[in-house]
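Okay, got some structures for you below.
One chain, chain A, links the two complexes that follow: it is found with chain B in the first and with chain C in the second.
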Partner chain A sequence: MIELYPLLFHLRQCPEIFLCNVDGEAENHPQSYILLKDVYRKVYGSFNVEEQLLPPLHSAWRHQFNDKQLITFQIACWFFSHPFFNSKPSLLPSINAFLFEDLVQLSPLVSPRAWIEDEDRAEEFIRLALKRCHIPITGESTAASADRFDALSTTKRIEIITDTNMSIERIKEIRRKMEEEKAREAANSYGRD
Partner chain B sequence: MTEPSTIAQIQTQWQQSWAQAKLVWSPYVKLREPQWCLSSTEAAHEGLTGSFAMIRLNDHRIVIDLEKVHQEGVADFALEVLAHEIGHHIYTPANLYDNASMLSRIRWGLADIENRAPFVANIYADLLINDTLQRTKDLNIAGVYQQINKTAAFSNLWMFYMRTYEYLWKTERGALASHMDLHSPKIDADASLAASLIRSYSKKWLDGAGRFAALMYPYLLEEEEYQKARKSSLLILDAETAGESGGTISGMASIDMEGMMGAIDPRLEASRLEGKVGADTAAGYNPQGGEGPKQGYLSPSKYIDFLRQLNPKADEQELLNNYYKEIALPHLIDFPREMNAPTSLALPEGTESWDTSDPVDEIDWIETTINAPIIVPGFNTLKRLYGPDESESDLKKPLDVYLGLDCSGSMGNPRIRFSWPVLAATIIGLSALRAGAKVMGCLSGEPGSFMETDGFVTSEKDLLTLLTSYLGTGYAYGIPRLEKPFGQERRSKSHVIIVTDQDLFSMLAAKKEPGEESNWVIIEKALKNAGGIGTLVLHLHPGSHKSEIAQLEAMGWHVYYVTNEEQLLKFSSEFSKNNYQFKTH
Partner chain C sequence: MAGIKGPSVALNDAERFPLLNNLELLQQLRQDEFAPFFNFQSGDRLDAPKLEKVKQYADQIRGKKQFWEPNTMPHWLDGYWAQCRRGVPFYKNSPTDFREQATIRRSDIGIAPWEFVSDTASLEDLLVYHTSGTTGAAMNVLFDAVSQACWIPQLQSILDTYQIQLDIDFERIAIALICSQNETLTYASLSTYLQGAGILKINLKPEDWKAPHHRQAYLEKYNPQILTGEPFAFMDLMQVNVKITPKALISSAMKLSEGLKTRLEQHFRCPVIDIYSLTECRMISFAENGRHRAIRPELYLEVFDPEKDIPLSPGTWGELVVTGGTNPFLPLVRYRTGDFCSLQVEYGIPYLYDLEARKPVAFYTKTGKLINNIEISRAMMPYALVGFKLHQNLNHELLFTGWCQEPIQELVNQTLQNIFGQDLGIIVEILPADTHNTYKNVSYTSDLSKF
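Now for the complex of A and B:
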């Protein structure tokens, strides 16, 4: 169990370097790769851990993701560097799924900076991460947490909004046709006069 | 806290909270104490109906209906309610101009339902103020709404409004939006967007007004839904008529491009994928739809509708005058400056006492000796006074101007659609008035009717009221109208401008009764008696009616052809500059 606000504060303190450089100095190992490995080791609780005990990152890794996605991973690295996640190796599979499933799915919809700068997106990021890791939030019931996450969920909101937009367009179209009909009738009556 | 049982007790309690309510915003807030109405009847006299409080921007007042306060059970929320009302005065809308700008931006988001803009503006302002009070000033605004909700008739819009507060203040679902049967994912999504918008635009709230209107648009589109929304919100509508009696706000005739482009539906923004650009206005407004110069202005009817929404007591004629004046302003001549030609004090103008503190060389010895043979300095010494040596020949008096406008059936009504001839006449007329000349205006649609000012006038209002009127009779400007001002030679010379079209030639050729002067004779005589420049502005292609034009030119008339009405603007600007502009050498 963890409180939401300290995590929110931590996420929004993300250093600028995490947002602007994905390739770094190393030729074969981009910055994102190094950061991910480091954060895995931190969560595992040891920097001398053998590679096979950490989630795998194969050699062609860099080319699977675009820069925006890599920056989003770096933001996640910063987030999981919070002391709460230290030495909790059981969280590694969930963190891996959060990174390469949830964030990858959201990356076309949310810009990397929005995860830090937009209050709602930051909260969505944290709730999604905690949900993935099955970590409850202090002072919130499971139902309240689920409700709050639903309210913030970008994917869910876009589904609803797309439906709403279609229905607004339908209403507008009906009104437009009614206006046209009215204008036509007015023109006819003017012509008769 | 126990609830006071009488209105007088409530008044005392609320009066005591007033100073603290001002402190909530700033120790420097200076506002008069609210007008306390002891009964709802008294409040209705002040224009307060429906809600228990309201603001007026024209006299910076807050009006409180204490009877309603008691009825609605909000007597214990004196600090919250008063701080909220103060917020309307110092945060949003704050003043008449910002109120007008906000309403203008909101109207762009409400295509075809612009009449609902003040309602949306009130709700938007309330959200901004309440969020500030609850989150940064630690006031219990949520408590006020919980109390109001006990009797409120819930509608979709009220749900949206309450859910927005729930998102803003991170309360449990249902803490404010207590009717769980009305909850829906659609309202949740909209409320979540509204909460983000309120937070994002809390400082630059004007910029968010169009987006907020677009967000509320579906809740107000259908009449039935709107009426339900109004009914549920009646108690909180405290700033809907804030601009009443606020006079005419300047600068509203031009289209606020920033506001128009800002009326983007946040739903579209949110559903647009990252990186995809292009803004869709919620209203589906066509940016090419403006009128007047560079299509940059509202139509007169929309302008009047908008300004009357701001101030229902505004006089329609005054608004129309103001509309054409605003569009004419950039084309008017500068106000004539006083000539400061270096003049010397060279003309002797008598004497006055010389005092010992004055320079000795200023003493006029001759006058002093004539005045008193025994000279006592400072007692009977005199000095000479000199006046400025000015030449009156440098002061040129501008010529008066006569403006004759064809107002026959072929001309549009300047009240409905923008009129170029009226704008041109306004530019020339106001420039002449600025330069100190007198102006006579005449609208004529003959045979049929005409209207004219009472001779040559100096009143801007009289002139504009005449120019913006409409006849729509006959076929041309009636030449016999020139008889009245120019039947005899005028003592003050005058320019004559007649704006008409090719029907002028039919008018000139019109047969008269035996003994009456022909129109050809009248037009020639008029120019001679006027003594100034005569200009016929004809909506005509150069080259037609050659012989008649030659005859007019031989009389001394200048003929200015316009093939589209926009050229009238060019003509009027040039005419004003050539004849009324102060020239510096």
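Now for the complex of A and C:
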């Protein structure tokens, strides 16, 4: 269990360097790769851990993601560097899923900077990460957390907008069909009109 | 009502009857030497999958019926409500528990009928029926060919209780709808469900025929098995003195008085059945031993307080509210019918007691000519009235009160003069639409009515 606001404060303190440079100066690996490995080790609780005990990042992974996604990963690295996550190796699979499933899915919809600079997106980021890691928020019931997350969820918002747009199109189509002559060749076989 | 288009003719017979190869009876009915001047065309548009659905519905409604027990809800209701919440725009974001759902009214549907179209309904199947609204404002009712055609199985389920069967005969008329109005749609048609048997809609007004005696000749030649109509039309049919042998008369659209029922039964020597039916959901019940017997297990009936959104306990008189039906273009949930009764479930069958629905009211001109209140409803259709009431005094004077945002006082006055003539007093009052707060949208009363 953890309080939301210290995490929110921490996330919004993300240094500028995490937001602008993905390749860095290392010869073999880009900066994001190095940051990810570092944060995995921190969460594991040891910097001398064997590679195979950490989630795998194979050498060609850089080419699977665009710069926007890599910057988002770096923001996540900053977030998980919070002391709360130190030495909790059981969280590694969830953190991995958060990075490569949740954030990848959201990256076309949210710019990396918005995760830090927009209050709602920052809260969404944290709630999504904690939800993935099954970490409850202090002072909130499961239902209250779920409600608050639904209210902030970018995916949900896009779904509603899509639904609304579809509904508007459908209404237009129904109204158009109602005007068609063939739809109006209709009679009530036992009525009196 | 302004902005609502009327019906139109747009199809050919092959499109009207995709499964019927033999259209001989149809041509014969249209071209008969005694045929009336038909002014409309209509077909059931049933293709094979749609016909199958109608047959399945017939099996269900004509088979053993399972309604619901007192103070319980039907077994299908939770699923139906979940489906409506998921797929019908108007009901989305409604409470999960059906019991918390508010009632809806005719005006909800009239304002935005598209809000009630299920997401799963194919718009290729959309049909529009424009109703004048005997008891409410005119509106468009959307439906599909299947829900439209289901009126015949509903009718059969009523006839079954009288041990009356419709003969399936593609050379005969199964059902004739008899009208007696200044103006109405008339047509000859066939029923695919009844394997090509004839369906007629005719108007008894002499002006609709080449010669007045053709009315007898035509009806006697085709001798329809079932006549449907409203009490005024049946009264006029008796006057025409036609010698036909129907198996039953089905009276709808207005309440049938016991006196007229007896006269009609003596005249036509067959049962006369008074049914209660709404354009929005088709048949609901039929009169039996001084009460109304429900016929549709897939239509849940409740009674609500007329003013407040509170369901009333069994036996309490209030407004009838319906949920369910078969129409994907208008799935009804707690729809206030505008009609009043109390409800009792007895031996598993719901009965409507003291049903006050569509009471026929006779109006008269100064010369004694009878005016059917349907004529008045039809004449008011062009105006954007949210409701109106009309009363006739013993001295023939007419008192009209309407609720409308537009200044239509003169127009209404002129319309009533066109119907009743200029030799009686007419007082028209038009009030702002938002002051309309009576629970009946349209009400007719007359000190001269003999019903």
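Everything that follows uses one rule, which is that the second predicted complex is superposed on the first by the 164 of 193 C-alpha atoms of A that agree within 3 Å, B and C clash if a C-alpha of one lies under 4 Å from a C-alpha of the other, contacts with A are read in each partner's own complex, and residues count from 1 in each chain.
Everything below uses one rule, namely that a contact is a pair of C-beta atoms (placed from the backbone, for glycine too) under 8 Å apart; a residue touches a chain by one contact, two chains touch by 3 or more.
This is a predicted model, so every value here is computed, not measured.
**Q** Touching A:Ile171, do we find chain B (first), chain C (second), both, or neither?
**A** Both chain B and chain C are touched by A:Ile171.
**Q** Applying the touch criterion given at the start, work out whether A:Glu3 contacts chain B, chain C, both or neither, answering first, second, both or neither.
**A** neither
**Q** Given the touch rule stated above, what does A:Leu152 touch, chain B (first), chain C (second), both, or neither?
**A** In the superposed model, A:Leu152 contacts chain B only, not chain C.
**Q** Please determine whether it is chain B or chain C that touches the greater number of chain A residues.
**A** B
**Q** Is A:Glu181 touching the first partner chain B, the second partner chain C, both, or neither of them?
**A** second
**Q** One more residue to check, A:Asp67. First (chain B), second (chain C), both or neither?
**A** neither
**Q** Need the overlap of the two footprints on chain A, from chain B and from chain C, as residue ranges.
**A** On chain A, the overlap between the chain B and chain C contacts is residues 167, 171, 175, 179.
**Q** Write out the stretch or stretches of chain A touching chain C in their complex.
**A** 167, 170-171, 173-175, 177-193
**Q** Can you list the residues on chain B that touch chain A in the complex?
**A** Contacts found on chain B: 112, 167, 170, 172-173, 185-186, 188-190, 192-193, 195-196, 199, 217-218, 221, 265, 267-268, 270-271, 273-274, 284.
**Q** Mind listing the chain A positions that touch chain B in their complex?
**A** Touch residues, chain A against chain B: 68, 108-111, 118-120, 144, 147-148, 150-152, 156-158, 160-165, 167-168, 171-172, 175, 179.
**Q** What residues of chain C sit close enough to touch chain A in their complex?
**A** Within the complex, chain C contacts chain A at residues 5-11, 15, 40-42, 89, 113-115, 117, 119, 123, 126-132, 134, 140, 142-143, 148, 151, 155, 175, 177, 179, 181, 184-185, 187, 189, 199, 201, 228-230, 233, 250, 252-253, 277, 279, 374, 378.
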